[in-house]
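Every chain is named by a letter (A, B, C and D) in the order it is written, and numbering of its residues begins at 1.
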Amino acid sequence: MKFSLPRFNRRRQVAIKRVLSVALVTISVAHLPAVAAKVPGIYYGIATESSEYCNAQVQGAKAVADSVNTKLNVLVSEFQGQKFLQDYGAIFSAGCKDCVAMMDPVSNAFTKAIVDRASRADAKVITFWNRPENIHPWDTAPQSWVAHISFDGVDSGYQNGMALCKAIDGTGGVLVLQGVADNPPTKQRFAGFQRAMKECPRMTILDNQYADWGQTKAQTIVRGQLAKYGEKVKGVFSENDLMALGALAALREKGLAGKVPVTGSDGQSDVLRLIKSGEIVSTMKVDGAALGAVSTALAYGVATGDIDLTKLTHAQRSFYLKQTLVTKANVDQFLDKKFDPSQFTYQKLKGDMWTYSSGPITDSATK
Amino acid sequence: MTDAVYEVKGLTKRFGPVTALDDVSVRLERNEIVGLIGQNGSGKSSLMKTMAGVQPPDSGSLILRGKQVIFKSTVDAASRGVGLVHQEQSLVPNLTIAENIFIDKSASFVRHGWYRWRELLEAARRQLDKIELDIQPDTLVERLSFGQRQMVELAKVLALEEMIEDDLVIMFDEPTSMLTSREIDDLFKQISRIRARASIVFISHRMDEVLTLSDRVYVMSDGRRVAERMRGKVDSDELYELMVGKQRSTVTRENEAPRSTKPRLVLNDVRFAADAGPFSITVNEGEILGLIGVQRSGAEMLCRGLFGIDEMTSGQIVLDSKPFQPRTPTDAVRRGVGYVPAERKKEGMLAGMSVLENMTLSFAFDYAFGGVVANRREEHWIATDWARRLKVKTPSLHEDISKLSGGNQQKAVLGKWLMGKNLRLLLLDHPTRGLDPGARADLFESMRNLAREGLSIVFVADTLDEVLELSDTVAVMRDGQFSEVFSDISRNRPTEEQIVRAMV
Amino acid sequence: MSLKITLPIRNTGPLIALLALVVFFSLTGSNFASIANLVAIIESSAVPCIAVVGLTFVIVQGSIDLSIEGLVSLACIITGLFVANSVNTHDSEGLALLLALGSGLVLGLFNGIVYAKAKVPSLIVTLGTWFAARGLATMLFPSMQPQIHDVAFLSIALNKHFGLSGIVYCAALIVLAGLVVERRTTIGRVSYGIGGDENLCRLGGLHVDRMKIAVFVFSGVLSAVCGVLLSAQLGVGSSQAGEGLLFPSISGAVIGGTLLSGGRGGILQSLTGVLILNVIQNGLLQIGVDPLITQVVEGATIIFAVIGGSWNLREKMRVAK
Amino acid sequence: MRLNELPIGKREAALQNRRDLKHGQGRLAWRRFAPALVLAVMLAVVGAISPGALSAGSLVSFSIDAAPLLLLVLGSSLPILLGGIDLSAAAMASISGVVISLAAPQLGSWSIPLAVVLAGLVGAAQGYVHAKYQVPSFAISLGTLGLLSGVALFVTKATALPVDSGLRVLDVLNGSFFGIPACVYLVAVVWLLLSLTLRYLRLGRHIYAIGTAERAARMSGIDSLKVRVIVFSICSMCAALAGVLYVSQTMFSSPTLAQTMLLPAIVGVVLGGTSISGGIGGVGVSVIGGISAAFLRVGSVVVGLPPTSQDLVYGVVILVAVTATIDRRKMGLVK
């Protein structure tokens, strides 16, 4: 840095001082722990920090990381695949042999690209949710794409659908709120719902909109739909909890909260509370903590050589995690469930990694 | 000599290296009109600005009604009865007349940031009545004609009358430079009216105005006050010498050799959108056609029409014996027609870009390799050459054009067109506006030379002198038409009276 | 009289476009015109309208405020955390409002000062503040989304008076206040002056910088208000409540005829624009087009709306950036 | 038109020019390097904290990531130089990717020129509507943005389509020559072409003129309609190329592939010192700004900033950088 430029005035000095001070902060941040770590680093990618589900993942991952006293670095995509592609790209290329990376690539489009970079850097990577069905860990990057873990979206859609069906006594038109149009979970959960409709023939779709997983947008849409269909609206099927909350807010305005059943998915604690109070019918509780812990442990194990990648079956490299439908019946056991790091230590998990699995991912599902 | 209303002593003002005012002292008696003359950049304007609180002096003192004062701003000055009618207009375009009149006055009807529209408008109405300007005070200024705006400027200053008990000091910075003769008369009426209770300083380029109007005249030349003359004891030629430093170029012109009779531009019952026309006239190669008329007489429209700005509705134009139908300026320029607009700042020059960039804007690619790839060296060379020939005074061609004086800007704009290899016709709309006599003389000289070279020129004149001095043919305009055309005037010169009669 | 002054009679295009849209949807959409639906439209427009009021002053001055989204989110999460909620023990509307609006005020002030005094283009300043505020909002977000329990607070959104929620009345109030400021105060009028010709205003001895700072503060506070109201509407404190509010607001202003170049338009025009956008969205919902082409139609409609809107402004040599 | 013999010789003029330039521009000189300085500081800081980030390997991967953004920045800086803006660029990149993946089976590599040409046409249309009907570019491009992303969603039925890697061009783009990724060359070429255009072609001059004072520019015979059409079409073509690069990286096309690149692109242009109000700046500096914009984001990750603080830092750094580097004298009024 040339500090003696011609006509170098105060403001610019200040500016650079600021930049440097930022730098110093970051230095202190960057050099915190990293004692006796067996792997260069653990990089866990989440969508956003303002989501309970994401934070749960971090908790789980952190529990494992701590148990092997390695620093856990958290990356945030802000729902931008490009960002992850670049961020992980940068980390990998900065020298990342055998470092551990878990992330949701946000969209199918980025999965392969990220995996390729990982394998080029010989890092160990596990992906969630988004995987094009024509590629698999074992055929694309056997050595570094450890596994793809997901929750069964079709199942979620199906079970919530059935719950809704029950809540409306099997008859009536419902509103469907889908997530971001080109996300696999959007399609999977919808597919599941359609399956439910087959078994519940008199439940019909009044209207079907994309609310992009968003609370505010869902509220606006449902508000409009209520205006359009009024009494005809018997229920709302929402593909995630945030949209369910938005829908609920719209219903409240009409004083319909509790009268018109709503379903969500994810199992946010506030939604659980609403299930107890009866304003929401059901949600699919996905265990973020487990996802974080299992994926981290698995990748870490492979990176350190405790687990031999070549010995893993396909079912062990592409599988769903357990999820449970929460309804008023079983809500209590989830409500006061506290997160307990001790059950998510690497040592604990290494043995029974796949007890959390609910079976392999069938290709047709990711369609 | 006893009771000076306003007096400045040893005023000095510097802008960086330039000394705009150098130890200037001026006195202003009660109810007196003082004329202030000098070339552009001689310091007249800076003197006024300093006296009106636009800018603080570096040294020297302002003494108002016997007390020394320091103006924090124009508002401050106004509140003490010192007002300035700006040369560059000071009206905010998208505010109403009323607001503009009272914008710089702590008036009672805008208290604590709250407007009282009705009172504001009534007050404004009164001001406008004073100057017999019949426009709603709630019209946006941007809808007004130039002259009207000038009048509002005046009203803005006259509004001080009600606010101050003491005598006012009102300064006019070239108020007439862009007005039609009729508007000038109104203005003078106002000035003589308000002198009853105000002392007035008056700047103008037009010697005659200054001499008729003022009791005393100060002459400025490069930042210094070079002379003071009482009315009656003045010889205009002497003053002229004092300010310009050379003898006045005489209006009478030697007979010139008859020019080619090859027609360059032929108009046949041409009408333009803004109901101007029908025009029928022929301009030969190397002929200078001078248009004159009161404002709105259509001279401007003719120019703008020929340049493709106003739509042509009927008739046909022939340029160089080929039909010519300009829909946009681009068409016109492509056929070698150039236009020097009256509103230089808005339409003529690209403020913020360098003189060079301005001059090479239109025709740089006449010199480009294969007409495609710019030949920067060549164009710079040509531009430098023209800048010299037109006597553009600038530290360098890379100077921001808006930093130049009006005259030099105008020359640069002219230069832009002269860069053209096949320029056939040049249209100039009030080319001498805001130019000092020196620059004006330079401009006219170049125009004559260009004509001698075969370029045809159509120009809208400000004054009779101009048309008579420059044109071969004079077309007098009235209500959007030629009311009379005097051709070949270098031989049989019409009298001023003839022309004026045709104008009004 | 003051109306005549500030309503530019020349440009009624957007209004016509809006009416055209309403008519069109009423004819095609089964019950677009139903009271219930109009209420729905109004309810959804309320918050954007508030945002655009503040924004309009900024734009009229010829500058821009991108920080809206950030400020809204920040205010929303702050409110969620300080009224009675599910994640902590705070329970004080007063404190919540104070902090939420305070945050808007401070950041708005920051925008204004850096822009007016440090002479940084407003676009950059507010872009910076946008991200900064978003960062703060995420930092504040606890491990789970705070549910608001404070019934009194929620009633702003839930209790209906004559079929409209308190939010709509807030919006109406703010719009009226905005109109008064726009037309009857120096800040409002001088803002136009600044948009028209800043130098002349300075020459006229007006406190231009103060006015600039003032409007940014105004915009900041109003954004914060949006945040608070959204938290009431959603019943939660969300750190992403603002997402997707910026572009609708700006486009609303632009479509309505408040030119980004400054000095033109005003609150009413901007509101027209916002309404146009909301009517389009709702209308498409009503006539039930395939959700996937909704965006297409929206885009197309915006284009035609602006063309129609600026149609009668067209004239030779006019400059539109 | 000549009056008499030239009073000044070519050589003399040239010499004088050189003198003038030295004298006149010297004072502004450092301003032109300010954006580069900012970048240097960033590099220095990041390098100091995690040296690995500046290793050849990471620079290569960084350049691959930055390449498409740079193309977007280059494209977007032209409309901004005009004093307008094109919000549709990012969406254009996405939809070009879609076009490629749809056309690839039939056209193979030819699907890429097809995409670029299509983009050019759409851009031209956009420019035409903007200029002809005198609609603010902000509004019109906002509409186009919605239109394009909508169409992209619709034609793909909102799915990410694989691009069967039979496209030799993509393979070439993914390759590298002399250790430098091919896409970098692509960016370099575009950058060179655009800077030369701005400096030596009519178009360039006219862009600056319009950006500075459109009315006066037209009065000098500049056809602003034509210029706008060309500029917006160039911008869209650059965006399309960016789309090509995105596809080449992911071998997938998604209707939302580049959606989120709208702001970074504009930030890049501004960091490069191009003034939003038009007329000042150029692609030469924009490219540096683009690199800074991209590096800032990646850098904050590499140095291990806690994610919560990344947005904050991003905002603050942009603010500080611009505050420190913009040339206020040239900008006149700051809006």
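We take it that a residue touches a chain if its C-beta (ideal position, glycine included) is under 8 Å from a C-beta of that chain, and two chains touch if they have at least 3 such contacts.
These numbers come from a predicted model, not from an experiment.
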item	value
Of B-D and A-D, whichever chain pair has more C-beta contact pairs	A-D
Subunit B and subunit C: spacing of chain centres that average the CA atoms, whole Å	45
Euclidean distance of C-alpha centroids - subunit A vs subunit C, Å	32
Residues of subunit D engaged with two or more neighbouring chains	153, 158, 215, 218, 307-308, 310, 313, 316, 323
Contacts with 2+ other chains: residues of subunit C	138, 292, 317
Residue numbers of subunit B (touch at least two other chains)	309
Those chain pairs that satisfy the touch definition	A-C, A-D, B-C, B-D, C-D
Interface residues, subunit D side, partner subunit A - complex	27, 29-30, 33, 37, 40-42, 44-45, 48-50, 52-53, 55, 57-58, 60-62, 64-65, 153, 156, 158-160, 162, 246, 249-258, 260-261, 294, 297-298, 300-308, 310, 313, 316-317, 320-321, 323-325
In the complex with subunit D, residue positions of subunit C that touch it	61-64, 114-115, 118-125, 127-136, 138-139, 198-199, 247, 250-251, 254-255, 259-260, 262, 290, 292-303, 306-307, 310-311, 313-314, 317-321
Footprint of subunit D on subunit B - complex, ascending	307, 309, 328-330, 332-334, 339, 341, 346-353, 357, 360-362, 364-365, 368, 372-374, 376-378, 380-381, 384-385, 388-389, 395-399, 416, 418, 420-421, 423, 449-450, 453, 455
Subunit D to subunit B touching residues, read off their complex	1-3, 6-8, 10, 13-14, 16-17, 20-21, 23-25, 199-202, 205, 208-209, 212-213, 215-223, 279, 330, 332
Subunit D-facing residues of subunit A, complex	1-2, 5-8, 11-12, 14-16, 18-20, 22-23, 26-27, 29-30, 49, 73-76, 78, 80-83, 85-87, 89-95, 107-110, 112-113, 117, 132, 134, 180-182, 187
